[in-house]
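After this come two complexes, each holding chain A, first together with chain B and then together with chain C.
So, the complex of A and B:
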């Protein structure tokens, strides 16, 4: 069975991009206690922005991130200020609905501008491959993994080595206390939302090179991302990364051992088992003081 | 008559008029285009009412109710196929059986999902919906997978075709409303509202929260499953992404929020406004998918500007007007209580 080790390696490599996307989602949850159901749509939006740049200006997808990430950062800040901040009362529930609405809006606009046909980002490294321990692995997986590691590293560096990061962590720990010691939590929330959305742009590029996508792809994507962060424990960056790896490795191994159609099913079963034993997810308890 | 009596007599009369009008729809507007809209609108009245029993009363937001809708649909379709039941009125008799089967699956899903609260619950319900969709797709020998499942097609002619479905939907909607009203007046309903306001305090004063939540979840799911069953028979052909559609799940939630979360009539008002609008939009702009943008806009406006919904806001206005015009307190009508029980009005 040489297929299984290959599936594991591929699972880890593709797990990187899911780890990045899920980290953005869990960061937003940690800071604001809101679930951004629109995260999947934002990833797809990021993929389409790079697609548009590739098609009209022939800019390499990875290179286009220089433009799309700042743009998505601004979009994220605006979304937070306009739609999330005014929410009163039951923020958790209302935020789910608001971000779901944003996802529908993005889906509708993308469908209008780009039609519902499936697209894929093309680049030379998509098909070219490298031999690694007897396996062939396309460059794109390695590049994508490296990019995701770099951005995740950047997020961790920001969280643990900068004053702004300390303010984010303080807000995640205790919003009121952070406010009392002089953290501008509204500003921190808006910027953290921007960071999460910008990371979705990067995730979108890697997702768009390795998968075909259309405006409706966000449903499948968000259901995967949400189950990842629930498995890891809401608000835990470590949990998001571990959850992503568990999901992708399981699905890839299931695909070769049993059948591709059952790959997501096995992950859902793992999720259900974890929830029965630990309703708070893998890192659910230690989350609040870690991330 | 005392003012309270007069209000309840008025309300009884209004209710009777509404029901009679609803019963007469196929008589006044027999053309299929209109009755089709009537079928879907009544369907959403039922769905929103059923969702409200869980989401509105206990405050647990399920975005995965489309799972039960699809499950009920498949349950009826498979029953009809395996028992070899011909088209006609008999399939309607099996709708309650589909409801009972939905109860079984809802018990299993609810048992797991209700171990979690708030945000995690929302996500788990979404995950369960996609899980069922996946199963419907992969268990090809049972469900037919992606190639779908066909229902027997009745031979009713032209104008009459939609009418039996309309009445079936109407019966289910009325049953849903009766159940919802009954729960509001019961001790069980009081327990659910207590759970919504503060689950830990509710537990402390002796509300069996786990059992109550699961019961509400199952009742809500069973109603949705039965409506899904009639829907399947109405459209006569179903496939996984079509009946287990996240948009169906989110539509019922939006209708409840628009009308008034946790009120008896809010879901009805929300469905009566939104479903015809949605049908009109998807009919006119469906191809361009711009209707999604419009839908999103309505959604955002409702939640940001009218977070309590139409019914509580309007009742507040009526109450204020009454208090202004008549001397002395008139005592809260049941609508006032309904409004006060709605979320977002917890403190003043």
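So, the complex of A and C:
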């Protein structure tokens, strides 16, 4: 039964990566009440940007984040200002259409520039491993988890220790009230969108090292990320982290104990049970309509 | 008013479950009954996006190269050929729509097949309904041939479930002192991969090779590490994996991470992708990895030297970089050209009759089809050696001896 502890550890480490990817998605929902179904495509875009830097300038994928995260932050701000801010009325429904269109656009551009062949980010730590008890863990999972802790820690610090973070939390709590007390919610929304997209770049690097990917990889990815934030609670950063851990540990343990075929089923049984008891998810809150 | 949490959750889950598939586009084309000497259009649904997009691109290369050669010699029975591709996004729904549109709206003269058994099965139902011949390069799972369709022709040397037979024959041909005693299996639940693995398992078990692990996983799985852990923990002599390229690469990387080196390792697909495969796993980690194949670059088969020369001139790279998918697609064109010549017609009914009779020469070697469109030949065993895939079994096709045990990864 050594497979079970292995599956739990791998689930937690991989869950950290998914938490990183889902954190941007839930942050964007929390601030703007929009469902960014293009988030998976942004993760893949982040992976491709690091791939381009690796291929052309031989920059280590993790090191490339120094370039790609700021670039993706700017891209996120521009996307929010140009495509999301103009949405009025039923923002949740309209945002699905707009961000899906953005995802298709990103997929098309990536296919044009990089072809639709599968790619992977290569680095020494993707196959090098360290012994832990009677099995080995690849360094990439450890580095990825450390990156997740660092970035999520940074986001928590920003939210709870800075004036900007207070403005974000105020906007998440009640957009109208935040405006009334002087918060520039348009500016906060744009910057929060940028932070969410920048975190997608970080998630994309680890995803790109541990998985082969092509421009169409975002379809599977966004399905998983949306499920994670629904389980954790829409708009809850803490929920995204716990939701990712639950999903990855559940599916990995089910794969080794029962069968991989049952992995998704078991996870969705857990999801449905949670939603029956707590429709708002594990850490979601039910609040008065903010409109 | 309470915030409609359930509504939001439901809408998100619905979006998630739908999977968000993309659609291809269609355009104009020629009628199905072309006048003598007039140009014709051949329609193909290919996976330019989605899981099979790498293979889809290779099919396009093979089809395009055949069309170029065909037009250079005057066309298909005098008809200049134009290829029309529409993207199916690797979707079983979209591939049906695509062939319906190609036949009813674009009125293409002929259709060629898509990638994978998964897409070929629904596609062939449509093409058969309209009476079109359906030569196809990549749909050879058992279920392709059991639906009473007589217009489909699988243009590879052997049916898919027989792909690993050459591997099992090689394993069982080893001296008793070296012969593997145990095996571990893992496969996608895909009509291309699972039948191969199941047949190999049956043959090896019948010969006394003990099964230590057998796992089937969903084709849509994205996290293969726990599966690899199970294979590793079995510590079998031989590992047989029913993979496509992404999981084929992932398993090898997981084996490297765990420093696991089976005596023999074969994957149903992935290692057949030439430089695309070695680029991902690293050339030093390819040594000894095996894959079944119906074609290799230096084969002395009909038109192969010309195909390889033209392919590398047109698309670049070395002969060893050419994907087997491209050769299979090229073979489809070769078969149709010979059938049209034999029937002296490009009418679909005439082509169907011709293809059910006789033997056709292709870059994959000679092939003939039974009443269900199944080929009657055999594949051979290819092994990566010194950074290049080379045929190693059977002896008649081999240009090198198999490396056994497989060299350790990185050596």
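As a working rule, the second predicted complex is superposed on the first by the 284 of 291 C-alpha atoms of A that agree within 3 Å, B and C clash if a C-alpha of one lies under 4 Å from a C-alpha of the other, contacts with A are read in each partner's own complex, and residues count from 1 in each chain.
What we mean here is this: a contact is a pair of C-beta atoms (placed from the backbone, for glycine too) under 8 Å apart; a residue touches a chain by one contact, two chains touch by 3 or more.
Bear in mind the structure is a predicted one, so any value in this text is a computation, not a measurement.
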Worksheet item: Since both structures carry chain A, what do chain B and chain C do when superposed there: clash or fit?
Response: clash
Worksheet item: Of the partners chain B and chain C, which touch A:83 in the superposed model: first, second, both, neither?
Response: first
Fill in: chain B versus chain C as contact partner of A:223, first or second or both or neither
both
Discussion item. So in the superposed three-chain picture, is A:109 touching just chain B, just chain C, both, or none of them (first/second/both/neither)?
Written reply: first
Fill in: First, second, both or neither for A:261, with chain B first and chain C second
both
Discussion item. Under the stated touch criterion, which partner chain does A:211 make contact with: chain B (first), chain C (second), both, or neither?
Written reply: second
Fill in: chain B versus chain C, judged by how many residues of chain A each one touches
C
Item to complete: Figure out whether A:12 sits in contact with chain B (first) or chain C (second), or with both, or with neither.
Response: neither
Item to complete: Identify the partner contact of A:270: answer first if only chain B is touched, second if only chain C is, both if each is, neither if none is.
Response: neither
Practice prompt. Identify the partner contact of A:158: answer first if only chain B is touched, second if only chain C is, both if each is, neither if none is.
Written response: neither
Worksheet entry | Partner chain in contact with A:92 - chain B first, chain C second, else both or neither | both
Fill in: Contacts on chain A seen with chain B and repeated with chain C across the two complexes
35, 92-93, 96, 100, 104, 107, 111, 116, 215, 219-220, 222-223, 226-227, 229-230, 234, 261, 264, 275, 279-281
Worksheet entry | Of all residues in chain B, those that touch chain A in their complex | 59, 61, 63, 112, 115-116, 118-120, 122-124, 126-127, 130-131, 134-135, 137-138, 246, 250, 253-254, 257, 288-297, 299-300, 303-304, 307, 343-344, 346
Worksheet item: Okay, in this complex, where on chain C does chain A touch?
Response: 1-3, 5-6, 8-9, 11-13, 15-17, 19-22, 48-51, 53-54, 56-57, 89-90, 189, 215-218, 220-223, 225-227, 229-230, 233, 245-246, 249-250, 253, 256-259, 276, 280, 282, 285, 409
Worksheet item: What part of chain A is in contact with chain B in the complex they form?
Response: 29, 33, 35, 83, 86-90, 92-94, 96-98, 100-102, 104-105, 107-109, 111-112, 116, 215, 219-220, 222-223, 226-227, 229-230, 234, 261-262, 264-265, 268, 271-272, 275-276, 279-281
Discussion item. So in the complex, the part of chain A that touches chain C is made up of which residues?
Written reply: 2-3, 6-7, 10, 14, 35, 37, 92-93, 96, 100, 103-104, 107, 111, 115-120, 122, 126-129, 135-138, 211-212, 214-216, 219-224, 226-227, 229-230, 234, 248, 251-252, 255-256, 259-261, 263-264, 275, 279-281, 284, 286-290
